[in-house]
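Take this structure first; my questions come after.
By written order: A, B, C and D. Residues from 1 in each chain.
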Amino acid sequence: MSNSFGSRYRFTIFGQSHAPAIGVTVEGLPSGFAPDMDALGAFLARRAPGHGKYATARKEADAPEFISGLVDGHTCGAPVTAIIRNTDARSADYDQLRRVPRPGHADYTAFVKYGPARDVAGGGQFSGRLTAPLCVAGGLALQLLAQEGISVRARVASIGGETEPAAGEKLLEEVKAAGDSVGGVIECVAEGVPAGLGEPMFGGMENRIAQAVFAIPAVKGVEFGAGFQVGHMRGSENNDPFYFDEAGPVRTRTNHHGGILGGITSGMPIVFRAAFKPTPSIGMEQDSVDLFSHENVKLTVQGRHDPCIVLRAVPCVEAAAAAAIYDALLESRC
Amino acid sequence: MSNSFGSRYRFTIFGQSHAPAIGVTVEGLPSGFAPDMDALGAFLARRAPGHGKYATARKEADAPEFISGLVDGHTCGAPVTAIIRNTDARSADYDQLRRVPRPGHADYTAFVKYGPARDVAGGGQFSGRLTAPLCVAGGLALQLLAQEGISVRARVASIGGETEPAAGEKLLEEVKAAGDSVGGVIECVAEGVPAGLGEPMFGGMENRIAQAVFAIPAVKGVEFGAGFQVGHMRGSENNDPFYFDEAGPVRTRTNHHGGILGGITSGMPIVFRAAFKPTPSIGMEQDSVDLFSHENVKLTVQGRHDPCIVLRAVPCVEAAAAAAIYDALLESRC
Amino acid sequence: MSNSFGSRYRFTIFGQSHAPAIGVTVEGLPSGFAPDMDALGAFLARRAPGHGKYATARKEADAPEFISGLVDGHTCGAPVTAIIRNTDARSADYDQLRRVPRPGHADYTAFVKYGPARDVAGGGQFSGRLTAPLCVAGGLALQLLAQEGISVRARVASIGGETEPAAGEKLLEEVKAAGDSVGGVIECVAEGVPAGLGEPMFGGMENRIAQAVFAIPAVKGVEFGAGFQVGHMRGSENNDPFYFDEAGPVRTRTNHHGGILGGITSGMPIVFRAAFKPTPSIGMEQDSVDLFSHENVKLTVQGRHDPCIVLRAVPCVEAAAAAAIYDALLESRC
Amino acid sequence: MSNSFGSRYRFTIFGQSHAPAIGVTVEGLPSGFAPDMDALGAFLARRAPGHGKYATARKEADAPEFISGLVDGHTCGAPVTAIIRNTDARSADYDQLRRVPRPGHADYTAFVKYGPARDVAGGGQFSGRLTAPLCVAGGLALQLLAQEGISVRARVASIGGETEPAAGEKLLEEVKAAGDSVGGVIECVAEGVPAGLGEPMFGGMENRIAQAVFAIPAVKGVEFGAGFQVGHMRGSENNDPFYFDEAGPVRTRTNHHGGILGGITSGMPIVFRAAFKPTPSIGMEQDSVDLFSHENVKLTVQGRHDPCIVLRAVPCVEAAAAAAIYDALLESRC
């Protein structure tokens, strides 16, 4: 089902932006593992609302409560469930959203799929807030991967096309002042991944990571290694020559393959990038429709929103990648 | 498992390049459906070896034999299995490949995963030849989608960066003469897809299509709608305004979202692109390793190979997309 | 994964007997459905501790809190998560159980599987208490099935071999006085189930119902229709003759097949029975082992326990069957 | 999907009784394994038609052809597909079966599910013939289990209630002479299974074995250990006392739990029984319906049939159990 990911490290996310709570159930954690709750809290803080000066003003504690699966701070083999209470009150002013979908949001497609009973408040189950439980599941995977010497780190590669942080910050100021928003690209690198993870065809590491990363709202593209640039390259240029490292393992001199060949990890770093669209919620008037009266109408989205979600999405990309890699690591031991 | 795809329209691919046969078992076909075998044959011919002057010289009939699931040419509710015999003889000269992996191929990662027992002949289970059964499963889905008024068509968007066919052809000549290869990009458009297909999060249409398309060998990136370009755009530019068409349904004036919002189809055409790396098999000498002697060695790949697989991959992309869309269509009726 | 059941109506159970909470996430509920919370509460009360005079003395409110998936009492298309807080304090006197497994319980196998970190308190994740979230998921399915004219009702068929309630009650008195326990059999009948649900082979209705029912602790056998009696019967006796009912549908004059032929429902009532072993927790001294000192030891289980769980298990059997049948009903509409 | 079983050792069965072929694709076999084809052939021969004097007269070679996944007789990591050609000609005299379903068979439920396009010849996909590919998948699992010191052996426990072979044979003579059939019970024991296989709840070994065994046509009940007898027992009698064997491992003095506690193996032999209904095809006139004319009619089934399938079903039960146990064994290594 669509709210679950993974095979051996499997988690199921639940909740909506303004439900009593959001949360996640994680199956497949090894028994006897003591999560570092401080590290997990710090990881979650990187995506929390109110993090950084360009983030939304919504403030929430976002501290997960672990209601099952832990005994004296250690996993016991049972599924681990963590919930995060939604402390912001459900607003009464979502009435307009029931009728008028916001361009670029899932309001309209949710209406088609779930009908008028769908939860419109704060984007319902489509809210970026649901990446918090993703970060719980991925944050636990990150800690387990670290025990195996595997790191997964993402960074902002560009904002609005600007690859220099200073230029990006300047652009954000402009965009925010204009009531507009801007997209960007995040790059993620996983190091220390052993060769041999993943499967051919539909179970390849690219397939799995893409399946996880496209679950983050606003992602419209995922590319590995040289990515779309391979379309411009020649084989003699793109092929990564093999050699024996002095230390022993086979390595490649370049890494256009992004650490994955035939869906299976090569032992070189996994490298991928995800493209994020600009936050659809902008302060400008936009064209939309009234789903009840069947008229074309004008919409001005209320409230304060991030001019760019890319900054907060960095840990989400790490979480998605970590979950996919740890799942494949467990599978490889069968 | 990694050789299976889909939930309600589910298929399992088997075989290796030089096994006695390759094939596919398809579950979820409606009972009483009479596949148009001529149309399926024509579809398969588009990806067959020997198709077009730049394709590999390997010749095979590639006509699928349906060994189960059909009675008098109609599906009967049982799984449909089609096999394609491999008529080219297994070459004895794959000995070098057991020792020396080809750069850019899965030879090395297959060795790590499956050990020396892996099938190296013709790339084994990683061969592009396995896209033939994918095209059988996808070709049947295309016919069923057509009955619902849904079309899925792909085309070469660029070869080696050249978007003009004439320039692309010229580049292919050069590359072939040099014993080199070149990559490209394929764009796919699905029209007539009803709004409401797909699910939130991991079951989104982007996730599903990406999972299917990354199963085609050589794909290194998948992007939807405006794709990576969204990283350069502002919200006011990227947001697609809604309006009521005269005919009734909600539409958007632009389609930067590529027909998918929140993982769910909007009723606008699904648009995506896949980046293909250059054929790794090139005629030039390359650096590699001897996995048995642990020495760095030189490798010159023998045989004749496509200088560019993008041309033959077009129906494969259609097949992958069609399977994912038809699967979601069936799910949407539950 | 092992805590999840179903394909289109899919739920995931979490929690342990003495964790902060137990609960369930249900995916696949139709949007706009308003669960009858009073009816659900009454259903849950039938399995609650303290229900009936032979049940355990543990008292708990067991009222589920719905933390996601409902808006103003209606499903919105998002997964529905309900949690039940464990209000009984975690006992400190489980130390003996860490060392000495109770015969007939999962204490020893949990130790082998999860190691010393397993949760021994109250049976941990193996506790019968985990049937409460099963009853939430199944109770919702029962309500949805009722909307389709389908009922699922179970009853105690026998206790300790006694099929007469009076004799069963007398036996329970004896057994309780002796500090012993006794097993029994529950029979379940689903009426109004349309013909055509289920699939051949591994997806048959027998397979699915058995998979669900064996998840209830203490079940050691499941049989359909004439069940094990078929081993004594002749074909001429066991075959159920078809006939056309005046009202129209095909029916059978007898129902030895229990409403399922070839894994698919026939439109006759689904009938099955589940055998429950006696509660393993008894007041008598038993032989066991000390897992740490590797010595054979004597064990006397403390606390008060049901002399017979069969009475409380009746709604659990209904819940398991309802979930399996509703899942198949949704699938049949694809 | 319904034709697939397993998680890490996963197979998909295809074919119908009179399709060109039946077969199976097995994923999850270790790379480098050389199946003993003679042993597999001998295993398949035990269920083949024409085996034993009470079996159907249909003669077929039933030798599987391995069309993928093997190189020089060894698995290479790719899925293994084996097909068995159906050499008996498709009979033209199945016309009556299109209209008049045989009591006790899946003819009617298949009609409801798949409509008139269903394959009626020889029972189509519901034929017992489909247990041949089950025996291929299970037979390979048996060989892999044997390498781990695990054996799975089934035997006829009773025929028509007769537990003595001589009495059973006499009964079979009578039944055959009368044109009737008779059911029976098969008991299966798996020895050498390590403790710790299986999972709680829906992934328990009882759940998995039941899911596999109910896929064998005619099975109407499955029970583990003391099975339905537990309903008659007291806890003090049913509980299996633990003790330390001299050799080291924990064992139980009795095995009423059938080697499974809490869904997880205890290290004691897995013991279960399956009840088989009498062959529905009998030589006597029976009541049925004409699905086209909507009339009640008389039916006399033509052809020669086994008076008792229990004899031939013994290897099928071993195959189903072996597949479930080997799958759990692989999972336990994650």
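Please note the rule applied: a contact is a pair of C-beta atoms (placed from the backbone, for glycine too) under 8 Å apart; a residue touches a chain by one contact, two chains touch by 3 or more.
These numbers come from a predicted model, not from an experiment.
Q: What is the chain whose Cα centroid lies farthest from the Cα centroid of chain B?
A: C
Q: Matching A-D on over half of contact pairs, by residue number: which of B-D, B-C or C-D?
A: Among B-D, B-C or C-D, the interface that shares over half of its contact pairs with A-D is B-C.
Q: How many angstrom lie between the CA centroids of chain B and chain C, rounded to a whole number?
A: Roughly 45 Å, centre to centre.
Q: Distance between chain A and chain B based on Cα centroids, please, to the nearest Å.
A: 26
Q: How many Å are there between the centre of chain A and the centre of chain C, using C-alpha atoms for each centre?
A: The mean C-alpha positions of chain A and chain C differ by 37 Å.
Q: Where does chain B touch two or more other chains at once, residue-wise?
A: 1-4, 13, 28, 78, 110, 113, 125, 200, in rising order.
Q: Which residues, counting only chain B, touch chain C once they are in their complex?
A: Listed in rising order, the residues are 7-8, 28, 78, 200, 330-331, 333-334.
Q: Once bound in the complex, which stretches of chain A touch chain B?
A: These residues of chain A touch chain B: 1-5, 13, 101, 103-106, 108-110, 112-113, 125-126, 130, 158-161, 175, 180-185, 195-196, 199-204, 206-208, 210-212, 214-215, 217, 219-244, 250, 252-253, 256-258, 260-267, 273, 275-282, 284, 286-289, 291, 294-296, 332.
Q: Which positions of chain A touch chain C when the two form their complex?
A: Residues in contact with chain C: 1-4, 10, 12-16, 19-23, 25, 27-28, 31-32, 65-71, 74-81, 83, 110, 113-119, 121, 124-125.
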